[in-house]
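What follows is a group of structures, each given as structure tokens.
In what follows, chain A forms one complex with chain B and a second complex with chain C.
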Partner chain A sequence: MAITTRQFDAVVVGAGGSGLRAALQLAEANLRVAVLSKVFPTRSHTVAAQGGVSASLGNEEPDNWHWHMYDTVKGSDYLGDQDAIEFMCRKANEAVIELEHFGMPFDRLDNGKIYQRPFGGHTSNYGERAVKRACAAADRTGHAMLHTLYQRNVRAKTQFFVEWMALDLVRNQAGDVLGVVAMEMETGEVAILHAKATLLATGGAGRIYSASTNAFINTGDGLGMAARAGIPLEDMEFWQFHPTGVAGAGVLITEGVRGEGGFLLNKNGERFMERYAPTVKDLASRDVVARAMATEIKEGRGAGKDADHILLKLDHLGADVIDKRLPGIREIAKKFANVDPAKDPIPVVPTCHYQMGGIPTNMHGQVLAGHSGNAIVKGLYAAGECACVSVHGANRLGTNSLLDLLVFGKASGEQVVKDLRADAIAHQDLPKDAADRALARLARLDSAKSGESVHEVGAELRRTMQLHCGVFRFPDSLAEGVRKINEVAERAGRLYFKDKSKVFNTARVEALELENLVEVAVSTMVSAHARQESRGAHDRSDFPNRDDANWMKHTFWYKEGNRLEYRPVNLKPLTVESFEPKARVY
Partner chain B sequence: MGDLDRIRWQCRRGMLELDLVLNRFVEAELEGLSPEQLGVFRAFLAENDTLLLAWVMGQEEPPAQYTGLVRQLQQR
Partner chain C sequence: MRLSIYRYNPDVDAQPYMQDYDIELEPTDRMLLDALVRLKSVDDTFAFRRSCREGVCGSDAMNINGKNGLACITKIADLKEPVVIRPLPGLPVIRDLIVDMSQFFKQYHSVTPYVVNDAPRPETERLQSPEDREELNGLYECILCACCSTSCPSFWWNPDKFVGPAGLLQAYRFIADTRDQATNERLDNLEDPYRLFRCHSIMNCVDVCPKGLNPTKAIGKIKDLLVKRTV
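On to the complex of A and B.
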């Protein structure tokens, strides 16, 4: 089958914050850039980021990047690479100021400088006290950032391919990446986008969990493409969870509810936090609360017919207090949990929020070819949540995600410009089999006359991840999880949908997305099962402590053979002294 | 058919809350909408996510042309 080929200097897959920031760098260097996105760029998931972006501007009180770096290294539970962390924290001020010059409407102080507020985990003087480091545009920081970057790209004549889905990477015999095979949803047409540089910026894949705050589009398409092309995935066992998302929906219930006097109950109506944290009870830190909730569910004391959630009671506060102190909560609960919290408790469950692992890159966004050495995959770059630089290590600090996508979006864009200029390269010839993998996937789906339901296999995948690889992990359950997720992967090889039409066929898109989620889920489960320690977001009942002697290393998962390898953490910053591992106490 | 399928896809948004509300509505009501209602829904989907969220969650009053639609969305 002949398929259309289009040539560009660079192709960027994904139009969230990192993709747009990278594309801008490329377009402003007068490269011909194509940006692919499944949805209109300003509807990317970056729009949901509320908190802010961190930078040690020191507009409110003294601050500097050394302190920010310390906080980030400590927050990562010493799994973050200190060279990359230094790079990010040093670049933060420039990244924020540059964005302001692009027109980002940051909140301001009376003196005209950017307003900054405190945020969890950010301190001055190496952990001494909270510092005001987060820059925000009201509670719409992500939204403002996306719009600012999108407008700027339009001005720079970036070419957008909206409602296009990338299916697979094109790799030649030498292992170089020469672009992507992609599908236009409006027509179902498949094309090769032939490029000298391909940059993955596809965001996180939080949809592998049944309880997830992530939008439906967050299906790890870049990770799936990388895995199928033989590229490893790094540190996939590390996912950040929030203790209270609405069970079955994922929408967050603010921690303020417990702050105002709401508390958690198991199915027996017991206020169980009294057992886990006798003094502070329901106001214990996030990880303690989430772990207690997971333990109650695991031991059969969850509420509901499937004993799979916890109840958050706040009716005793009274409707007036709820309306006054917790505006919006009743609306959220009514809409997404079908309960009025002034009368009944809200069903909640620990809910996945952010992916720390991803496609391994160096701090210039170049994708690493493997776990040992610094060899890169020529022509391939990644940035943002789909990439693992690694600056977040085992646990991300709030506001560092928006910083990550600005700094590494730009850095990867700069690297592409440099690489294309230095080599003054022409396009390499496409291999004959360039589109074969993607076409074979489509052909199988389109010719299948029976098989597994996308909906059912997807639900089983999410259930398996939630039950066996959630916020608190148990050894027997992980072992069972590995067996079950491999079974899900096998079923996903036989996906079937009835409607074979070409135009905006959501069933076909969802099948392709599920194939990507499978790679993410399998890598997560296998990596988590193998890591015999607790570090950051990876919390195991049988290995409750961090084990620096054996496990201060990055996991590299390879699809081929479901194999794991490891790579030492880079403890050596660029210019400053190393931060030696200490217990992470706040 | 193609047009409804396009609308279905455009209910994929950047925020989970909108995915949930819009998809519930679409599953139950899309095929029963009149041509005029479809036109309004199409225009609505072209608005920003943050506006859609504020309207649907009742934090801001939607423009008059969306009042009926937003009420329908809120009932789902």
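On to the complex of A and C.
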């Protein structure tokens, strides 16, 4: 089959926050860049981020990057790499100020500076008390940020390939990445986008769980592509369950509600977080709050007729504050929970929200070739939620995701520019089999006359993850989960759909997405089963404590052989002293 | 639940047609999007866009019982059956409910949709008072779903010449931003019998906006500024 090849200096896969931030760097350096996105850029999932982006601007009270760094290291339950964390926290102010200059409509203080609110796990003076560090545009920070970054790319005349889905990486014999094979959804046409640099910015894969705050498009396409190309996935057992998803609907209610003074109640009307985190209470790290809520529900103190949720109370803030600072939340609560939060509490449950693991990178966005040493995959970069730098370790702090995508989106863009300038070479020749893997996947799907339903296998995958790999994890259940998810993977090898059309075939897209979700789910379950400790978001009933002697290390999962390897955590920051692991109390 | 849905796949259909469906809902299906996703699990040939399922990404705009809206925040209980679903009016149909939005985005791009400020960048943020920032409320929240522009007769007749309510709302978003320095150029760009003045204040845009925004009001403000400029 003849296949079109198009050449670019760089290809960016994904047009959410990190993809757009990186693309801006490339376009402004006058590189020929193609940005691929399954959806129009402003529909990417960054749009759904609500509460804020962290930066120690200190606009209302004293703050500094070192406190932010401490909070992030502690929040990560000491699994984050401290060099990368220092890098991110030091760059935060610059990243946020730059965004403001781009036109981001931040809320303002009376003196005209950016408004900041408290957020979970962010403290002053190394854990003393909650600090106002989250820079916010009402409760629509992600929306405002994504649109601003898109607008800035319009200005830079970035070239977008809208509604194109990347299928697989092109790798040559030496292991270098030379671009991607991608499909235009409108026509079903497949093309090779031949590039000197390929940057994955495909976001997370929260759709592996039934109860998820994530958009339908969050299917881990970059992770699937990486795994199939022989690149390991790091720390996949760590998934953040956001404390406040609307019960039943999964829709996110920002932690900013608690930042503004809202709090959680059990069925007895007790403000139970006082028991679990006496200092910062409802503003403890998300893993801590989610576990406390799940414990309340497990022990019969959940609210509602089935005692299956927790109540988020904010009516005491008053309708004025709610309308000014949390207007989107009021809208969501009315629509999805049938309550007006200015009058009644919102029913919430911990809901899958964020993938701490991902494609292993260094802090310049270069993808690591393996678990040992610092060798990189030449030509491949990753940033944002699909990457694991690792700054979030075992648990991400709220507002650090938007910071991550700004800082590492830019850093990886800068690295690409640097590498392409230094390496002023022509494109490497494409291998003869460049498109074979992708074409074989498509050919199998298009020629299938019967097989497994995409819908049913997807539902089974999500059920399995939800049941066997949730907030609390049990040894027997994980073992059963590994067996079941491998079975799901095997079924996913026989997917079938009726629609054989070339034109905007969303059935085909969903099948391809499911193949990516499978890689994410298998890596998650296998990694979780193997980690015999409790750390951050990974909570094992049989190993209830953190085990720094044996488990202060990153998991590396390889698709080939479903194999695990480990890499020590980097405890050494760039310029300051290490934060030594200690017991984590809030 | 009974649905009547516009179907058209240029690969196989000579003409568009309406297809009736009767689907079993689950108790958890609350929004129209839930019903469409359930339908898709039965008939995988049915094509539509969707992503965030909470009314912020703007993907699943469609015409629902004659009115444009987002399927993900339209409650099933509020809909009269059979629910008649068509693609957004006035744009070329690619397939089923999926329309070609090029014209819509072209108009958005035509309003210089970014803050223009060529002054040297300060070390800190550019200051803006809370009152000045408040001017952006009701403007910056637009999700570019196109419900408004595709409900506007003026946009139907002149999609290539009239910017349309969504584009004009964004044009005013940058005019209203105290950090922007290009108000005059922005007004020049719109001073045209078609680009701005095809708006006849029919207010369909206000009626359908799923985010409760008011493009007509923003358009009125632009017109006022143009008048003020000439006096």
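General remarks:
Going forward, the second predicted complex is superposed on the first by the 480 of 586 C-alpha atoms of A that agree within 3 Å, B and C clash if a C-alpha of one lies under 4 Å from a C-alpha of the other, contacts with A are read in each partner's own complex, and residues count from 1 in each chain.
FYI, contacts are C-beta pairs under 8 Å (C-beta built on N, C-alpha and C of every residue); 3 or more make two chains touch, one makes a residue touch a chain.
Computed from a predicted structure; not experimentally measured.
Clashing of chain B with chain C is the outcome of superposition onto chain A. Between chain B and chain C, C contacts the larger number of chain A residues.
After overlaying the two complexes on the shared chain, residue contacts for A:561 are found with neither chain B nor chain C.
With both structures placed on the common chain, the touch criterion links A:113 to chain C but leaves chain B unconnected. By the touch criterion defined above, A:39 reaches both chain B and chain C. Contacts of A:300 after superposition on the shared chain: neither chain B nor chain C is touched. Of the two partner chains, chain B and chain C are each touched by A:335. By the touch criterion defined above, A:105 reaches chain C but does not reach chain B.
When the shared chain is aligned, no partner comes close enough to touch A:373: not chain B, not chain C. By the touch criterion defined above, A:140 lies against chain B and chain C together after alignment on the C-alpha atoms of chain A.
Within the superposed three-chain model, A:152 lies in touch with chain C and out of touch with chain B [touch as defined at top]. Superposed model on chain A: among 131-139, 185-193 or 203-211, the stretch of chain C in collision with chain B is 203-211, the rest showing no clash. Shared contact residues on chain A (touching chain B in one structure, chain C in the other): 39, 42-45, 47-48, 140, 143, 147, 186, 215-217, 249, 251, 328, 331-332, 335-336, 501, 503-506. For chain C in complex with chain A, the residues that touch the partner chain are 9-12, 28, 30, 40-41, 43-45, 47-59, 73, 75, 94-96, 98, 101, 105, 109, 113-115, 117, 121, 123-130, 132-133, 136, 140-141, 143-144, 174, 177, 179-180. The residues of chain A lying in touch with chain B in their complex are 38-39, 42-48, 140, 143, 146-147, 163, 185-186, 212-217, 249-251, 328, 331-332, 335-336, 501, 503-506, 509. For chain B in complex with chain A, the residues that touch the partner chain are 1-2, 5-6, 8-10, 12-21, 23, 48-50, 57-59, 74.
Against chain C, the residues of chain A that register as touching in their complex are 39-40, 42-45, 47-48, 96-97, 100-103, 105-114, 137, 140, 143-144, 147, 151-152, 154-155, 186, 215-217, 248-249, 251-252, 328, 331-332, 335-336, 453-455, 497-499, 501-507, 510.
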